[in-house]
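Next up: some structures, all given as structure tokens.
Next come two complexes built around chain A: one with chain B, the other with chain C.
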Partner chain A sequence: MYINPMKNGLKKFTEAITEKILLFSSGITTLTVILIVIFLFKEGMGLFSSPDIEEGYVLAVNQENPINQLTPEESMEVFDSKITSWKELGGKEEDILVFRLSDVTNYADETSLGDEFQFLPHVLDSIITVNPGIIAFIPQQYIDSTFTGKILNNGHITAESFFDGKYWYPTASPSPLFGLLPLISGTLWISLFAILIALPFGLAVAIYMAELANQRTRKIIKPIIELLAGIPSVVYGFFGLVVLVPLVQKVFNLPVGESGLVGSIILAIMALPTIITVAEDAIRTTPRSMREASLALGANHWQTIYKVVLPYSMSGITAAAVLGIGRAIGETMAVLMVSGNAAIIPSSLLEPMRTIPATIAAELGEAPVGGIHYKALFLLGCILFILTLIISISVELINTRKKA
Partner chain B sequence: MKKMICMIAILTLLGGMANAQKIKGSDTVLPLAQTQAESYAKKHPKANITVTGGGSGVGISALMDGTTDIAMTSRKMKFDEKLKLKEAGKPVTETLIAYDALAVVVHPSNKISKLTREQLEAIFTGKITNWKEVGGDDMKIVVYSRETSSGTYEFFKESILKNKNYVSSALSMPATGAIIQSVGQTKGAIGYVGLAYLCPEVKAISISYDQGKNYIAPSFETAKNQSYPVIRPLFFYTTKGTPASANDFIDYVLSETGQKQVKEIGYIPVK
Partner chain C sequence: MKKKQVTQNIAFWIFRIFSFTVVGILFWILGFIISKGIQVINWDFLTQPPTDGMTGGGIFPAIMGTLYLTIGSIIVAFPIGVLSGIYINEYAANNWFVKLIRIMTTNLSSVPSIVFGLFGMALFVNTLGFGDSIIAGSLTLGLLTLPVVIRVTEEALHAIDDSFRTASYALGATKLQTIRKVILPMALPNIMTGLILSIGRVSGETAPILFTAVAYFLPKLPSSIFDQVMALPYHLYVISTSGTDLAASRPIAYGTALVLIVIILIINIIATLLRNYFGKKVKTNF
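Then we have the complex of A and B:
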């Protein structure tokens, strides 16, 4: 056969170009992923060197006060009037007087502050001097060299206070509290129960579609299930809020319907398409020879399914479950709408819970860029990333075992 | 020919610039400013107003570094913000454009119809957890709040909680509509919404700020005559460098048609 050398050359040329384009796009994709991860961790890790009091502010007390430092929890309780005497903090028997800068007009009229507020440091100083039980939360710039009160030492946010913290009060002043425990426990509870609900259903549908359904039924069911994956998550959330929340509230006779359970149910529905598709593919890959061998030995159809087909495709089914968990952990909007979002460590599934993705979605919009709240949210993103990374690695491991 | 086109382009650009006004700030005022800007633009086709949200604090810092002409806020400028602007040599002018009132709502079947501010504070900070402690049925109180990013969250915290923190078990909802929906279907619920959102699915309660002497029910009238206590002013702040055209827009907002729109959107007009 005659081959036109020109045509051949052109073909080689286009092939080389295509190869370069493919190489380039995979390179770009990898680079983007790596850059995103680096960005995430760079922003998130900044949290641990931040001071635990609002930037630019100090807590000042009367000079007679023996207290030198307050933990963020203590200062929050003081400013919430839960601690009302210095004695509870190890100080003197004296009532605590809470003072914020905006309270200054209750102590002095605006004229005594000067037209340019130049006397403000002096006024603050005298307020702190005459009130022995005062604790003042004021900007650092109004503390001048003649200041006679005592400025409390401030600490830094530690890894321990983040990973072991039980309270999430990101906008509390003077000291915001960033505790991971309520959020991570909410995320894990909801995802775990979602998968417990979704797995039996998903598996049942997968077995039915792969083994029992005839061609026609399968052609109807399959697109419907795939359609489930295409419904926007906010629609699921809305459905959950209007239908499932009152239902769960009535069935379990709860004071409040928004709970981890509703979140789990919604997530289970959302994870179903993934689980069904992956599990069905795994079941279908069981070699025909194995089925036939089983049937030839006298096993009936049902025995073949659970003695031969299911054990053979077990690793594929596990991968389906793990991928389903991955979907559930990262889901944001639907959970944000139905789970109640109370940042408490849950003791049962019927309580409101707050998940990590919901927290990031709800709070990032208003967190000042580069501030401490912003960094804390990025750190939450890192935690979520590590969780899903563990999940992807386990899928990978399961798949390798399958091949071996 | 090309030169002409260039000239025209530059002129229109300049003309546009001269009339361009930037308004930035509170998300509460955002829908109001947007509607006003649209109807203002209909009357003044040359005007080019951009309205962006971001929060009251964002608006004020934009005013400080000159990236906006008008800062819209859902609270009075804080003492330290005023200080900063003064230090930057930019004295501000404050214009009150409307009021926004918050109503505290409960489930319609709830016996309670009035509470004092102190009781509300105790409920929202978690000191009172059962309705019987305030004279209602023996029923757990379910506290609904907004997300921390919302201006309503901050205003309620300042006005009712006196800057204390919400109880950590409070359910935080992403939108006012979600609060209405949830309070309407939860017997022991309590939450707060803007006055404009009140509807038959929830019951608004009367509030007393004087230890129970006078209870005032939230309504358009009580908000307008300032007797209802949970009310916040909405402001436009301008500074020395603000162009005259911006002031023209503010005059429009304060005009009769402007204030009529304020009422239509659900806020309380100042006049």
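Then we have the complex of A and C:
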């Protein structure tokens, strides 16, 4: 047989090129993960080198004031009039006088400020000199070289203040507070309770589908589960908002119905398809011989399920639960719509709560790009990414242990 | 002996009741939205833009926006995803590189959609300068769908018995010819079913497009891929959570939710029909 060498060469060339194209395509997921990590962490880590006071502003006090520095929490309490004496901050026995730039008209008339506010730095300086108990929150540009007051050293946002912070007040002035605790506790409460609701139902459906239902019933239920997985999260959120929120409000007699509980219920419904599918697959992998051995020993169907099938498929069921938690932790829109979004550390499931994804979704639109709030939201994204990564790795570990 | 039987009956009835509760929940949600939404939907609702500050008119721009974003993400995800799936299942040796790709694909599929939103905003909107646009939204949604497309393709190819490959090689076909003429045609129904289901997923996603593509209200349709769009899921979110005149905007929310549900229903029905049709065909042929 004659083989045209040209044609053969072309063929080989095409084969090689195709393989390269395919190889390149399959590298894109890896590239995406790397890019996600780079972009998320680049923006997020920027938070820790940001000053803990609003950018472009300073806190100034009287020359005589012994205080050199305030923590963000302290300055928030000072400006909220929760701390009213310098003594509480370790200073002199002196009442605190809070001063913002807008208060300047109480101290000086327009003529003394000048037509174009050219005397403003001077006026500010004299106000600070006259009032020994003053703390002034003013733009840095109005501090000139002749300034006689004392500018407080501002610190930087620390990892400790982020991970151990109890308050999430991203737009508070003078010092925004970025504390993770209320958000992470809201996320965990809602997700864990969601799994608590979803697991019994998911497991029951999985057992029913794998062990009890006949072919026809299964053919009906399977697409229904698929449909349940296909419904968009906003639709779940909307349903929760118009049906479950009023219901929970009425049943528990709450001031507002938007609460962690509604979030958990909606998330439970949304996590069901994942749990059912994974658990059913796990139950089905139980070898026939094991079931038959159990039945031959005189156990009935339920005893076989309970003593043989479930223990055998336990790792798969665990994987299902963990995957379900992963879904719940990352879910955004539905939770945002029904759980009330109060960024406080919850003490009961009936309170409004706010999760990490909901915070990002609700606040990113208002945060100026590149600003401190923007960076803080990206850092939340990093936390979320790490949480789901841990979950994905644990599922992987559970699955490999099963195979071994 | 009798007690054993009673326990079994109780247990099995609990499973049945729980299962029917789950089915019931789905029908409750569907029934509620269909019954409320059907009163709102008419031709004008589907073909007119919103009026009177979202309290009147229709949702036409949102429907079109979702269509654009879905098509855009299909263009991004399907070719890359199917090609990757083919590579992983047909070409890849069991080396570290393939293991890395597998791990990365699994990880990517577990990344929450809001993180994709952050990523899309940082990369496409800000760094590459696309702004809030169809292209930024489509790329973000496309990357989100990529792992699903890869898995679907991989599973479909994996299900084909090796004997078909060896038979094709035995006839002198090359690897590429085997894939093109034997493997892909056989796997196509399963791939199609998976892809159609993933379209449903994409069309309902909100979090990834929140900061990459959508606008609250646009009177006109976008004129290029660098324009912002309205989108159905975002529209539903906005009109159900904000706005002062709830009594006037609620019906529109019900209508929007119904349109979203109908899209998902149609997609799921097509997928199921396709699977049943080809499932039978494959059985009779072989």
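The definition used in the following text is that the second predicted complex is superposed on the first by the 383 of 404 C-alpha atoms of A that agree within 3 Å, B and C clash if a C-alpha of one lies under 4 Å from a C-alpha of the other, contacts with A are read in each partner's own complex, and residues count from 1 in each chain.
By definition in this document, a contact is a pair of C-beta atoms (placed from the backbone, for glycine too) under 8 Å apart; a residue touches a chain by one contact, two chains touch by 3 or more.
Just so you know, these numbers come straight off a predicted model, no measurement behind them.
Touch criterion met: A:388 reaches chain C, while chain B stays clear of it. In the overlay built on the shared chain, the residue A:293 is in contact with neither chain B nor chain C. In the superposition on chain A, A:251 makes contact with neither chain B nor chain C. By the document's definition of touching, neither partner reaches A:130: not chain B, not chain C. Of the two partner chains, chain B is the only one touched by A:79; chain C is not. Measured by the number of chain A residues touched, the leading partner among chain B and chain C is C.
Of the two partner chains placed by superposition, A:196 touches none, neither chain B nor chain C. Touch criterion not met for A:159: it reaches neither chain B nor chain C. By the touch criterion defined above, A:102 lies against chain B but remains apart from chain C after alignment on the C-alpha atoms of chain A.
Of the two partner chains placed by the overlay, only chain C lies in contact with A:228; chain B stays clear of it.
Touched by chain B in one complex and by chain C in the other are residues 241-242, 336-337, 365 of chain A. Looking at the complex, you find that chain A touches chain C at residues 11, 14-15, 18-19, 21-23, 25-30, 32-33, 35-36, 39-40, 42-43, 200-201, 204-205, 207-209, 212-213, 221, 223-228, 230-239, 241-243, 269, 272, 276, 300-303, 305-306, 326, 329-333, 336-337, 357, 360-361, 364-365, 369, 377-378, 381, 384-385, 388-389, 391-392, 396.
Contact residues of chain C toward chain A in the complex are 4-5, 7-8, 11-12, 14-16, 18-19, 21-23, 25-26, 29, 32-33, 79-81, 83-84, 86-88, 91-92, 100-101, 103-108, 110-119, 121-123, 126-127, 143, 146-147, 150, 174-176, 197, 200-201, 203-207, 210-211, 233-234, 236-237, 240-241, 250, 253, 257, 260-261, 264-265, 267-268, 271-272. By the touch criterion stated above, chain B contacts chain A in their complex at residues 55, 57, 78-80, 83, 86, 125, 139-140, 142, 147-150, 163-165, 168-174, 178, 181-182, 185-189. By the touch criterion stated above, chain A contacts chain B in their complex at residues 76, 79-81, 100-102, 104-105, 116-117, 120, 139, 167-173, 182, 241-242, 245-246, 249, 255-258, 336-337, 340-344, 352, 354, 362-363, 365-368.
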